[in-house]
Every structure is written in structure tokens, then in C-alpha cells.
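Data block below; observations after.
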Amino acid sequence: MTAPNYGQTFAHMREGCLPSWQAYTRHAFVQGLGDGTLPRKAFLHYLVQDYVFLVHFSRAWSLGVVKSETLDEMKVCAATVDALVNHEMALHVKTCAAEGISEQQLFDAREEVENIAYTRYVLDAGLQGDFLDLMAALAPCVFGYGEIGLQLAQTTNADAPYAGWINTYADPEYQSVCATVGEMLDGAVARRLGDDPTASARWATLQDRFTTATDLEVRFWDMGLRGV
Amino acid sequence: MTAPNYGQTFAHMREGCLPSWQAYTRHAFVQGLGDGTLPRKAFLHYLVQDYVFLVHFSRAWSLGVVKSETLDEMKVCAATVDALVNHEMALHVKTCAAEGISEQQLFDAREEVENIAYTRYVLDAGLQGDFLDLMAALAPCVFGYGEIGLQLAQTTNADAPYAGWINTYADPEYQSVCATVGEMLDGAVARRLGDDPTASARWATLQDRFTTATDLEVRFWDMGLRGV
Amino acid sequence: MTAPNYGQTFAHMREGCLPSWQAYTRHAFVQGLGDGTLPRKAFLHYLVQDYVFLVHFSRAWSLGVVKSETLDEMKVCAATVDALVNHEMALHVKTCAAEGISEQQLFDAREEVENIAYTRYVLDAGLQGDFLDLMAALAPCVFGYGEIGLQLAQTTNADAPYAGWINTYADPEYQSVCATVGEMLDGAVARRLGDDPTASARWATLQDRFTTATDLEVRFWDMGLRGV
Amino acid sequence: MTAPNYGQTFAHMREGCLPSWQAYTRHAFVQGLGDGTLPRKAFLHYLVQDYVFLVHFSRAWSLGVVKSETLDEMKVCAATVDALVNHEMALHVKTCAAEGISEQQLFDAREEVENIAYTRYVLDAGLQGDFLDLMAALAPCVFGYGEIGLQLAQTTNADAPYAGWINTYADPEYQSVCATVGEMLDGAVARRLGDDPTASARWATLQDRFTTATDLEVRFWDMGLRGV
């Protein structure tokens, strides 16, 4: 699949780690979501871990507000926190509730080591670096799920086992979040790295953050499969 | 005026620095807002500084999401960021626009030293301490404006010069924010300090943060008056 | 082995997660260090990862200075950063240099997921919580290595394969660091939690941080063994 | 006085705010230190505030370790923390002890609003931005005191009232700190902004941080004079 149009920065960084990106977006877990062969037990294990992931991901996007330097950056980050806390996490709560798992149980779930590694890496990118360092580490999750959603939606029926999950991310509302974040990110990059960002001194470091976060997405899917 | 009912923690901390609290809530600037004698120039000077204040205050409430340990703490902080960015700041934008000051000009305004001191003190309370340290430093602004709004609304006519400002804070919507924050704060205190928080080892430190932030509110009004 | 005397806080937290603590301090990797059966390849793999670990551990102790509230806390944290950067890491540099691995190669080593998880968890404990939250997450490494050093030194000859490693931690200089940190930690706990800290509302949360960090130590040894 | 040779970055930033820089380094307070006309009371007021300033300045340099991306950055920041905590602050402790003011009294001194503004602004520069943002805000104090020390030492006798203060900063040891920090800063800038840093997109923002911190130095001297 070609890259969705989430802006220039995403296109460059995705291209800069294509093997990792494909290992992430075409992972066996993803394929199992698409063709419905993923065991329910693995899905639920993933969903519980992903809920805790989103808690810390919301903390990281809030750190994005703390690190913003423009009004636009603040507003996009604040809106993303709202989307995560009040919408994306609701899918997890609803699906898990149907299986008898309460939201407090989700919040208190014991984190797998891959989960800790990913979320705390992102938060530390924000503590150690600036807004761009944090965004480069946040980007693979936001954009990757958008790309996976679009990709799986092309071949999934409405009554497929994981159609609800797929539609959450293929949905125009989520795609619109990706487009907005991508546009904001391009502006944030231009503001700090100028007109030719991939030629700037910091690009390799930022690419490394994007690549590391992408590799940690792969480990997250591995963890999901292990839950079978 | 008696303390509005914004919870036990607020009641204790307000009582713990009553002279400072009264210097803040009964300041000459506040009286000038109430009786309409505050020069327009001073009000506009204050409003521009307060806009920049709210930018950093939003950053501090976002840091509150980063530091939350419960779902309720996260949700209240995220909702407060939304209220600040999308509602409270709108009053400033609208009022200043009528005077020919654009939002970008507000965002870029040169901060007075009292403004820097207050906002950065609050942010550092969050960096240095935990969720309670941050909340103790955030509380005087949230609750004080609520109390001032109620107090001034008792004697203000709808056509008074600063009725718009007063109503923003006397409004049930803002009062509801105060009540929600107060309830969340009581829960956050109980969770960390137990059933008898004022007897706990940390109380003096937390009171000191509340008192320092209250004193910085006084300096902020002083700065407003200096703008004449 | 009974707990070394590194203060009351350590004694309580160690007791509060004894199975995890024993899984950590009596791990197969530790036994292999003691009886010399640990393959050299596994040791070097561990040493390279541990160097990067110490880089981030130094960052976390520096965050301890940022979060200190007393002069004593500042001084102990600053001295620990100095001990890490200028002494403990020197063992790694020297040992690795003998194997043809430069310090820059160590600094640039690709981190294993267990390494990322542990160091970033500790740093985030400091970002999310206060000084105690950070210290509870830092404690298992400092004190555990002291305990392991003492334990292995009882049965190790001076010419044993890993005597250099063992002596680094059994050494009076390192033991003195443990005692100093332990005493400072007891003071920090008394200041914030009072005279009966294990009965305080925050104790369970702090124990959880200590336990999680201990479990991540176990995973770190697992990772070391995997390097064979 | 021409700029001391503390590296290219300092030279550019100093030049970029020359009126502010001169208001800082040629302030009436500085002149009073040099010719001995500064009232003792003002000096002591300044010294007490400066002690608390150095506490938070040490916290900010420790945050520099947290934000470092190279071994050299870490080592220089850690060494600066050591120099501050164990050497520069000793002058204050010793001088104040001779006046009957204990170190604990210094640590607990009530901060003036200019003091809060300056130190928390620097700390927030580190929280909001990256290593360079923090360094740009830390630089005016480090380099300015070096320049002032050299400047005053040219015309001061050994028995002048404030010769001790002047010598602390004119001393080769302190000048060596300035040179080391300046060299590290040039490297940090090259790493992130490339070969022509003043032409980079971020330069204006970094200059603004340096200028703001310089202006806050001016306010700090104002505060010192007010202590008369």
C-alpha cells in the first residue's frame, strides 16, 4: 500500500525506515485482524494492554501541549488528548465491558514489558528533547493505525470479526485526526528545521526516534500474539 | 465573603493563608472591576498579560494530565485544558479583537516579570513535585476567580463596564468547573495523604505552594494596576 | 542472605516484594557471575547494555536533583551522578576497551527492549510523581547491586572470572554509596510520609514502583542470558 | 569591554542583544561591586537571594544532564552541577556565616518575585524545549558573571570591599568553567543546527531565550539594589 497523505514529514520518515514500517503495518497480528483469523483471546489480551497504552499515550500528547510553541500546536495536541480520552478509549471500554472487564480493571492492568518500553520511551523523548522529538516518537502510532485501518477496510466485510476495530481507524473521523496532526507536524518541522528539513543537522536524530517507535510497535504486536 | 463550597482542601488552604487570600480577592484591581472605576487601559494591559498567562496555565493543566494517577484526575485535567483553550481564552480574544488586538499579537505579547514568575512557578511545582504539588499551585487561580466572580456579581449591574468579565467567572459553567476541580482535588488528597490530610507530613509544603501562588496573584493584580 | 543495612525504607520495600527480590538477587545470571560459569559472550552483551543503562540511570539521578526539596537530597543525588558518570561507568569502559569496544560504541549501542523499559520507566516515575516516586524506582538497582556484591564476595576468589565486577559492588566505596543513599531516602520518606510511612496512604503506590523496578531487573538479567 | 572568548555561540547571542547585555554587565549594582560603593546591606540581600538562585540553577543544570544527547554534554553539565553545589555556593555560605546567617536559613529564604521569575523561566525552558533551549537560558548567567569578573578585576585592589566576590568569578577556575561550557555549547549547537547556526530556523527562538534571561539578570540586579 502506498503511504496515505498525512503530510511530508510522515512521508519522509516512513520512507526512512521502510523495512521497519512494513514489519509494523503488515504484521501477522494485523493480518489476523483483517482476515478474522486472530484468536479472540489474543485480541482481548491486546485490547487490555492497548487501553493502558492509551492512558500513557494521552499523557504523552498532554506533554505535547506543555512543549508546544505555537497556538496551533497547543490546539492540535489538546484536541488529540480529547479524542483519545473521550473517543478512542471508549472502543476498548465498550468491547471489554461486553467481555465482563470493567474500565477500572483496564486501568489497573499489569503492563507487559513491551508496553512499558514503548510508552515510557515516548514520554522520555518529550522529557529529553523538544516538541519535534516528542512528535517523532508519537507519529508511528497515530499514522500507522490510520494506514492499517485504510488498508484492512479495503477487503473487510461489515460482519467480519474485527470490523469494529478496523472501522474505528478507517473512519473519516480518525483519518481526519491523522490529516490534522500531519499538517500540524509539517508546520512544526518547518518552524524549527526550515524549508529543507531532511537536510538539517537534526534529521537523523528525529528519524531515529520515529524508527525506534516503529520497532516498538512491532514488539507490541508480538506481545499481542503471545497472548494466545 | 465566606468561602464558596469548592471542597475541603480549598477550604483548608484558603484558611491557611487568609491574609494573602484577602489581599488577592479584595485587591484594588478587583474592586475597580466591580465598581467600574478600573481604567480601561489598565484592564486591557491586564487582559493581554492574562492571555499569555492562560497559555502557560493551559500548559500547566496539561502537565496535570501527565502527572495524573487515576482516570478521574486525567479526565478533569483534560477537560480543564479544553475549557481554558476553547472557552476562557475566547473572552480575551473577543474583547481584545474589539480593541484591534489580534490573537497572534496576544500570543506574542511580551510577558511582565510578575507574569513569568507566576506561570513558571506553577509549571516548576509540577516538574519538582507530584500531582498534589502542581494542584496546590494551580488552585488559587481557579478557585480565586470563582470566588471573585461570585462576590462581584452580587453588586454588579448587567450594564456595568466589566460585567462581561465578572459574568464569565460568576457563570454557572465556570462555577461548575470549580466544583468539579474541588471534588477531584479532595479525592487526589485523600488518595495520597489519607483521611486527615492537614495532619500529614506534607501539608506544610503543600500549603506553602498554595500561599506562594496566592501571593503571586496579588503581584499579578499589582502589575495590572501599573498598566495605567 | 539477610538484607544489608541500607536503612528502614529499603528493608520495608524489599520485604514487601520478597519473591521478586529473590528472583532478582538470586537470578541464574547472578549465580553465573559468582561461580564463573557465565559465558563471556553473555557478560559482554550485558556489559554493553548496562553501559547504556547507566547513561539513562545518570539522567534519572540528575532528575533527582531537579526534584529535591532539601539540600541533603540535592547533594546525595549530585554525588551519585558523579559516582556513576566518573566511576561506575569506568569499569564498563575499561572492560569493554580490553575487548576492542570503544566508549562511543557503548554510548551508541542499540538498546534491547528490556533496557528501554527499565530506564524509561524510572525516568517517567520522576516525571509523573515526586522525589519519592523516583527514588522508589531507582532504589532496587542501587541496593540490589550492593546486596549481590556482598553476597557473591563471600564465596569468590580474587582470580575468579568476574571478580572485578563483584569487587566493584562489594567494595567499601560502593557500599558507602548504598548507606548514604539509604540514609537520605529514610530522611526523604520521613519528611513526606511522617513517622509511620508504611501506614501512609501513599505506601502501596511507592511499593508498587519498587516492585515494578525489581521485576524489570529480573527481565534485565533474562536479557543478559539471552545474549549467549 | 570586548566579549571574552567563550565560544562562537556566546559571541553571536551576546551581539544579538547588546543593549540588554550592557544593561546587565554594566548595571549600577555591578559598578557598586567594583568601586566598593555598594552598601553592605544590599550586598547581603543579594547574596541571600543568589544562594536560593543557585539552588534552582543547580536544578536547571541537572536538568541539562537529563536532556543531554552526548557523553560530552552529560559530563560538562554534571561537572557544572558539582562546581555550583560544592564550590560557588560555598562563597555564599562562608560570607553569610560571617554575618550570622546559616546555610539552612539561606536555603529557606523567601524568594523575591524577580528571583522566582528568572530561575523558573530557565527550568521551564528545559521542560518546554530541548537541550539548546535550556542552554540558551542558562548561558547569560554563566558567561555574564565571567565577563563581569574579568572586567571588575582589572581595576580592583585585593583589599577592596567586594574583592572576594570579584575574584570568585575572575579566577582561572571559574574562567575555565566558562571556556568549557562555551566549547560544549558550540558543539551542541553544531550537532543540532549545523554549520551556519545563526541562519537556521530556530535561531530567533534561541536568541529570544538568551535575551529574556539577560533581561531577567537586569531585574535581578534591580532587586539587589532595592535591598538597600
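The letters A, B, C and D name the chains in turn, as written, and every chain counts its residues from 1.
In the analysis below, a contact is a pair of C-beta atoms (placed from the backbone, for glycine too) under 8 Å apart; a residue touches a chain by one contact, two chains touch by 3 or more.
All values reported here derive from a predicted model rather than from experimental measurement.
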Subject >> Given subunit C and subunit D, the chains that contact each of them >> reply: A, B
**OP:** Farthest from subunit D by Cα centre, which chain is it? Let me know.
**Re:** A
**OP:** Same or different, please, for the subunit A to subunit B contact, judged on whether over half of the interface numbers appear on both copies.
**Re:** same
Subject >> Chain centre separation in whole Å, for subunit C relative to subunit A (CA means) >> reply: 32
**OP:** Report the inter-chain centroid distance for subunit A and subunit B in whole angstrom, where each centroid is the mean of the CA atoms.
**Re:** 34
**OP:** Measure off the straight-line distance from the CA centroid of subunit A to the CA centroid of subunit D, and report it in whole Å.
**Re:** 42
Subject >> Two or more partner chains touched - positions in subunit D >> reply: 59, 66, 123, 127-128
Subject >> Residues on subunit B engaged by subunit C in the complex (per definition of touch) >> reply: 66-67, 69, 127-131, 133, 190-194, 200-202, 205
Subject >> Touching residues (chain side subunit C, partner subunit D) in the complex >> reply: 55, 58-60, 62-66, 68, 70-71, 74-75, 77-78, 81-82, 85, 103-104, 107, 123
Subject >> subunit A-touching residues of subunit C, taken from the complex the two chains share >> reply: 59, 113-114, 116-117, 120-121, 123-124, 127-128, 216, 219
